[in-house]
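Heads up, the next two complexes both have chain A, just with different partners, chain B and then chain C.
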Partner chain A sequence: MDFAKSVIDATCEIFETMLMTRVTPGDPLPNRSDVFVDGISGLVGMAGGYRGMLAIHCSNRVAMAITGTFLGIDVETVDDDVKDAIGEMANMLAGSVKTSLSENGKDIKLSIPSAVGGEEYTFECHAAADQVLMPFKMPDGEFLVELQLQEQSE
Partner chain B sequence: MMPLREVEDNRRDSALKVSRPGFDDVSTVEGYSGMLAEATTEVFATMVMMEVETLALRPARPNRLIDSVSAVLGVSGGLRGVLAVHCPERVAREICGGLLGETPVEVDAEVKDTIGEMVNMIAGGLKIRLLQQQCEIELAVPSVIAGSSYEVNLLSRAERLLLPFETVAGTFLLEFKYAGKT
Partner chain C sequence: MGKKVLIIDDSSTMRKIVARSLRQAGFDFETILEAGDGQEALEVLSGENVDVILSDINMPNMNGVEFLRNKAEDDGIRNIPVVMITTEAGSEILREALELGAKGSIKKPFTPDQVQDTLGALL
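Showing the complex of A and B:
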């Protein structure tokens, strides 16, 4: 199973259909900094045939741009709309990845999404065997999609 | 220690309601908080080797978490939700010390791993209790957030409960947000 390809396909599709924005994937990263500054992370848990989580990490600036495009409004501060939008992005991305994994015969169910943000915070998730860290470029900057998955034995 | 005295009566009251065994209807705040209180108490008694006391449910918490460690774990299947634990740094370090025998002087990788594992074990306890009620849930993997000032928002308009616990090092908060079947 090519998890990196699932992440790229899901991200390009969701940004094109939901935000009418073209995003360009970069090269997958071997690891990332644990520390995020002035950023937001949206995350959603995945359980069932695979156990793990999907997260999107972005700067406040990119988060506000995504929210503005998504909701069709002007966004000037990181408010509840922004947190909801970034959590919902994680939810939609995970939904799309889930579909491609389900075709592989694995049933996956998603949890309720969360949004984490702040001036400086660390974000860690180690539990999984397979990890994808895929950076993407959009007109307003870059963001990172992280997928952590562990296949469950029957 | 002074402010604790004031909530003591309140706490005793709620402990009666909360830790009632044999929940007929699991889909109530009392049902879930009872199971979470039991699961947490069990984890502390068997793994952390630290006294823990269940306090009364809280109606709200501050959005911003200061000098804290949080762990977030997704739940799906028979119940779609997310379970989180929010610990002030001192509490997080002492819990790590209880588990490993030596209390780290700062929030290092071991402290973060401990808090992630703690939410995983509490969720495991919830899973076993829900299974006795014919509700089968599945667990995602924990993510751990730490920092001097951050927010953790469990999204959606699902039900939320906030259950605080008292330890010798201070209080920590368990947060559970849940909706119906996935």
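Showing the complex of A and C:
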């Protein structure tokens, strides 16, 4: 299965449908740093036929832009609304990727979305068999969508 | 008398987006009520008569399927139509929600037109 294509299709559809914003995917990155600065990460865990997680990592500036477009308001600080919006982005991305994965007959359960952020935070994930780290460009900057999956035996 | 809708979602962002989509789709609800999970929704419904419910599935405390089960046991609210708004398109848990009486589903991400198509048939 082409996980990069699933991530690109899901991300482009969600931004175009919910934010009326066109995003441009870059080339997949080989790896990322575990430490993020002045940003927010939204995360959804996956269990069942595949185990892993989907995350969206963005700077505070991009997170505020996404939230402002989402809600149709000006957002000037990173508050609970911003964390909630980035968590919900992760939720929709995970749901779309889950739909693609479920076409292989795999039953997958999603966790409740969460978000972490701050001036400097660590986001560690044990390497999985299949991983994609995809950069996207939008008018206010760049963000990353990360998918880590390990297929589980029946 | 104007109609009332209850939006159930643990994301405050999504509750606002659903409310905005209802307005954009042309629905003129007199009151838009909100709840953060199924338990909170049951508490709202104990004091309010609503015409339709839009509910997420994947929520903490009481998820959308558990909410439908509890609602079915309460004669006062059993017949209020529920539409699921969820990322869980085509999943087992959505099938379970439809078996428990949900009248339809809207997949996130969604457009106001999709809200109109699904909800318009119920109201």
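Basically, the second predicted complex is superposed on the first by the 153 of 154 C-alpha atoms of A that agree within 3 Å, B and C clash if a C-alpha of one lies under 4 Å from a C-alpha of the other, contacts with A are read in each partner's own complex, and residues count from 1 in each chain.
Heads up, the rule we're going with is that a residue touches a chain if its C-beta (ideal position, glycine included) is under 8 Å from a C-beta of that chain, and two chains touch if they have at least 3 such contacts.
All values reported here derive from a predicted model rather than from experimental measurement.
Of the two partner chains, chain C is the only one that A:98 touches; chain B does not reach it. Contacts of A:18 after superposition on the shared chain: chain C is touched, whereas chain B is not. Once the two complexes are laid over each other on the shared chain, residue contacts for A:87 go to chain B and to chain C alike. In the superposed model, A:112 makes contact with both chain B and chain C. In the superposition on chain A, A:68 makes contact with neither chain B nor chain C. When chain A is checked against chain B and against chain C, the one touching more of its residues turns out to be B.
Under the contact criterion defined above, the residues of chain A that touch both chain B in one complex and chain C in the other are 80, 84, 87-88, 110, 112-113.
Within the complex formed with chain C, the chain A residues making contact are 13-14, 17-18, 67, 70-72, 80-81, 84-85, 87-88, 91-92, 94-96, 98-99, 102, 107, 110, 112-113. Those residues of chain C whose C-beta lies close enough to touch chain A in the complex are 10-14, 16-17, 20, 58-60, 86-92, 107-111. Put simply, chain A touches chain B in their complex at residues 43-48, 51-53, 55, 80, 83-84, 87-88, 109-128, 148, 150.
If you check the complex, the residues on chain B that touch chain A are 64, 70, 72-77, 80-82, 84, 112-113, 116, 138-156, 158, 177-179, 182.
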